[in-house]
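You will see chain A twice below: alongside chain B first, and alongside chain C after that.
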Partner chain A sequence: MEFADLNISYSAIAPEIITSLTGVAIMLIDAFSKQGARRTNALVAIIGFGLTLAALAGLWTGTWTPFGGDYFSGMVVVDHMRLIFSFIIVIVGILAVLLAGQFLKDEELPAGEFFSLVMFASAGMLMMASAGDLVMVFLGLETTSIATYILAGYRKYDVRANESSLKYFLLGSFATAFLLYGIALVYGATGTTNIVGIQKAIASGAINYPPLLLIGAAMMLVGFGFKIASAPFHLWTPDVYEGAPTLVTAFMATGPKAAVFAAFLRVFAVGFSSPTTGVGETLQETWVSVLAVIAVLTMTIGNVVALTQKNIKRMLAYSSIAHAGYALVGFVTGDFGPVAFYLLAYAVMNIGAFAVIQMLARPGDRKTEISDYAGVGFETPLLSFSLAIFLLSLAGIPPTGGFIAKFFVFRSAWESTPGLRWLVIVAVINSIISIYYYLYPIIVMFFRPLPAGFSKPKVGAGVTAVLVLTLAGVFFLGLMPDRVLGALNQGRGAARVAIQEAFR
Partner chain B sequence: MEILFILFAAIAVAGALNVILQRNPIYSAIGLIVTLCALAGLFLTLAAQFIAAIQIIVYAGAIMVLFVFVIMLLNIREEESKIDRQRYLKWLAAPLFVALLAEVYFVIRVVSYDPKPLPAQGAVPPGQILGTVESIGNAMFTTYLLPFEATSVLILMAIVGSMLLARRERTVSEVTIVTAEQIEAAQLEREDEAHETETVGAGH
Partner chain C sequence: MRTFYQNPETIIVNALLLFQQAASTALPGPDSATPPVFSYLPIALFLIVAAAFPGVALLVLRAVRPQVYGPQKMMPYECGLDPIRDARERFSVRFYIIAMLFLIFDVETVFLLPWAIAFDRLALFGLIEMIIFVGILVVGYYYAWRKGALNWV
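Then we have the complex of A and B:
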């Protein structure tokens, strides 16, 4: 290949470049400042994310780089799906940086590394969303995963964080190995790692050894399934989410999940979807059926086990598993719109809930049992009412964003694929079950006696900003979803595939 | 060629079995070196000289030296038998493994399609053979330029992370130290409190 054929476009990868360089800049500022420049670093991180947002908006208008093209010989694509998921990732990054200030100050942890790791993790997530090639998917996933392994163990003198980090690292590496082996087998079968190239190879029937393709796809399904915490690959989730610092839990449950969903959608709903020839048809029917079963298992296990949890972080971990299941219901329609809207709403309400828990749990996460929150309701009204709203939104009660997101996913699945309507019925039953455990902490907060010796937590400016932003987001998505949906509808069709046909 | 493949494959499998069957970790490490060398031989038969050399230099050389160093530093001797608690898993693992093998067999034998024939020997002109240093260098700086650059972010971040986790703090905040004993004590306290509330409630 000649250098000129590469189709190099720096504006196409501007968001990734800006986040990576901001990460490096933060490390340099930290190294040359006398004693941990926490505020400066947070400010630089926010500016970096602001510039990334500007770059994404520039790409959205299509003035710098034509829309729908691929760059760097097919490694990076510019389309609506990429940009929408990138917006979600940057929003998660900004909220995490705002939350981090108080966490790092209260626990006297080093600030420079924290912010730069958040920036590098975001760069990895953006790479995953923009990847047009399995090699970039893998690199983005590794960058994100390694950053989150370290962030989970950021409190290195806390045995719970050590357990969380090591468990996540060992099981995560195992899952990455599955994904990589799957990529190797798919490459062996199709002769290319480019996702559109794989689709074309399957459509033209030019498969070297068809069973390799099926086994490879199955292994990639396992790898992605682990990273989005879907059952039966969810066993790591509660331990990791409980042990990691609360803010890191909020970050890993939302950002990486959205990014992996973007890559998962692109590989399966684009790459493995050309139901024209023999093996293509088998492959597509198989993965859609397998994902439907995984969605049912994920929702049911997440919700039923969450009913018995006494620790609020474990409860939200199982709720996170259940929410991955709801998003998978949208996934099987092959349309990214409902999935992206769902993940955006989930990110906003989940980070909000974890922000309140970070405050109520106090430095060091010492109070994370639900019984610890007895009677705090009217003592700290801002925190407890916010938490109540976020929990109601997670349960999917109108007029919150959680309700509209569920409604949009379920309606899209119901209308587009009549063969999978049973899946929607299971999902609705599951969301009714979930109301019980989301209401329980609210009852404990407001209707149980306050234990003696309660002192109000001091809420800093960053956390207040996060609460205001996430509350506004929950109601904005709940009351005025048209604007976001309008943006999503622009890009539909690009990733919509013929799955609906197969299951009609 | 087939004889070479069978030979190297057999050595690789034997080495891999040795890794998991030995009780002494040093013997396991040596078994892994045997497997890696046999894999390098397999790569050579596929005309991938560069990968074969890298396999020996990086994996059998550098990484295995690290393995052996860690084993020596930690002074691991024999495997300790601590697995009593999960003994039943052994009986669960065997049927699951057989089921996995059956699935793979099913996919390969029953779901059959006509495979595309391999190119005849000598059909590929020498300039296009992948796996030479030239072709890998060419691919790395053209087609795979962006992944090559993106790897630098990954490596930089891994260095930052390992530095962070390994370095000694000058001051450690009281808040961040949580030991297993503290967690247990907090749990006991919580149970006591719950008990007290119950007795108070009964008194009323």
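Then we have the complex of A and C:
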């Protein structure tokens, strides 16, 4: 390959460059300053994310780099799907930074490392969203994972945080190994790691050894399935989410999940989709069926086990598993629109809910049992009413964003793939089950007596900003979804609509 | 003149090379229709030889070596330290941080080498990219320094 074929375009990776540089800048500021410069670092992080948003908006107009091109010899793609997922990731990052100020101040933890790790994790997620090549997917996944392993154990002297971090690290590395081995086998079968190249190789039937491709795809499914916490690979989720600092849980459950879904969609709905006869057809029908089963398992296990949880963080961990299942229902439409909208709505309402939990749990995450919420309803109206709205949104009650997201996912799955309508029915039954455990904390908050010795948590400016933003987001997505849906429709067809063809 | 009695490992290396040649010529290359798995046959042969080499050496030495035992000799080898004592004591993990820093610069060298080989083709672009790469590592090193990772406590 010649140098010119690389097709280098710095504007195509401007968001990734900006987030990484901000991370490095925060590290340097932290190293230069004598005392931990918490406020400066938070400000720099917010500015960095602001510039990233500007770069994404610039890419969205299509004037910097034309759409549909692949840059760095196919490593980076510029299309609507990438940009929409990148927007979700940056929104999650901004909310996490806003929440972090109070967390770091209350618990007297070092600030520089936290913000730079959030920046590096976000850079990895952006890489995953923009990956046009399996190598790039892996690189982004590792960058994100390593940063989140550390963030999960950020309370260095807390046993639960250590458990969470170590568990996440060991199981996460194991899953990454699966993904990597899958990539190697797919490369062996198709002779390329480029996702579009894989699709072309499968369509042309030029596969070295077909079982190799199927095994490779299965292993990649395991790797991705672990990272999005889908059902047979979900066992790490409750322990990790419970032990990690609440803010980190909110970050882990939303950002990396969205990014992995982006890569997952691109690899499977683009790379492994070719409705030709032969290996391609077998492969596609197999992974769609497997994914449908995984979606059913994920939703059912998540919701049913969440019913019996006594700890609110564990409950939301199982709820996060269930939500991954709903998003997988959107996956079978083969279009990224429903999945992206779902993950956006989930990110907004979940971070909002965790922001309230962080406040009510007090420094050190001491009060996370649902019984600790008895009677707080009218004592701290801002927190309790916000939590009630976020829980109703997670349950999918109109007029919140959660309702529209579920509606959009279920409707498009129902209309696009008649062969998989049973999946939508299972999903609807599941969301009815879920209403019980979402309503239970609300009842405890408002209708149980307040125990003696309750002291109001002090809600800082950052957390208030997050609550206002997420509440606005929940109602914006619930009442005026047309703008976001319009943006999603603009990018339709960027991800291939292949699955319908298999199941029509 | 050095004969094979003086350095027996050359025989093994030559034998391995012969093995590899035989394996790669006897089987068709990756261009043909055979599954790519078979082109890994040389690796399998290497594995067998690698397992056999220490095994044979141990067996032969067992027969040949003089057998003298003493209390000092029966002690587990532990870099000159007394290996048996209470495990519950504090020890500095500084070695670990030094090893991590070493690893960073080790990996840097791994990346510098291919760049140096393709230096003329990558031209100015490659030089600038490499300066950025080394710059990032310098930032990391400086960070570790400021944070006191190099202070021996």
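The rule is simple: the second predicted complex is superposed on the first by the 503 of 504 C-alpha atoms of A that agree within 3 Å, B and C clash if a C-alpha of one lies under 4 Å from a C-alpha of the other, contacts with A are read in each partner's own complex, and residues count from 1 in each chain.
Here is the rule we go by: contacts are C-beta pairs under 8 Å (C-beta built on N, C-alpha and C of every residue); 3 or more make two chains touch, one makes a residue touch a chain.
The structure displayed is predicted, hence computed values, not measured ones.
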item	value
Fit-or-clash call for chain B and chain C when the two complexes are aligned on chain A	clash
Partner chain(s) touched by A:32 [first = chain B, second = chain C, both, neither]	second
First (chain B), second (chain C), both or neither touched by A:232	neither
Contacts of A:371 with chain B and chain C, given as first, second, both or neither	first
Residue contacts on chain A - larger count, chain B or chain C	B
Which superposed partner A:188 touches (first chain B, second chain C, both, neither)	second
Partner chain in contact with A:418 - chain B first, chain C second, else both or neither	neither
Partner chain(s) touched by A:209 [first = chain B, second = chain C, both, neither]	both
Chain B versus chain C as contact partner of A:278, first or second or both or neither	first
Touching partner for A:62 - first (chain B), second (chain C), both, neither	neither
Chain C-contacting residues of chain A that also contact chain B	3, 24, 27, 208-209
Residues of chain A defined as touching chain C within the complex	3, 8, 24, 27-28, 30-32, 188, 208-209, 212
Residues of chain A touching chain B in the complex	1-3, 5-6, 13, 16, 20, 23-24, 27, 72-73, 75-76, 106-110, 113, 116-117, 120, 123-124, 127, 133, 135-136, 139-140, 142-143, 146-147, 149-150, 153-161, 206-211, 214-215, 278-279, 282, 363-364, 366, 369, 371, 451
Chain B residues within the chain A interface of the complex	104, 107-108, 111-113, 115-116, 138-139, 142-147, 150-151, 153-154, 156-158, 160-161, 163-165, 171-173, 175-180, 183, 186, 190, 193-194
Chain A contact footprint on chain C (complex, rising order)	35-37, 121-123, 125, 136, 139-140, 142-143, 146-147
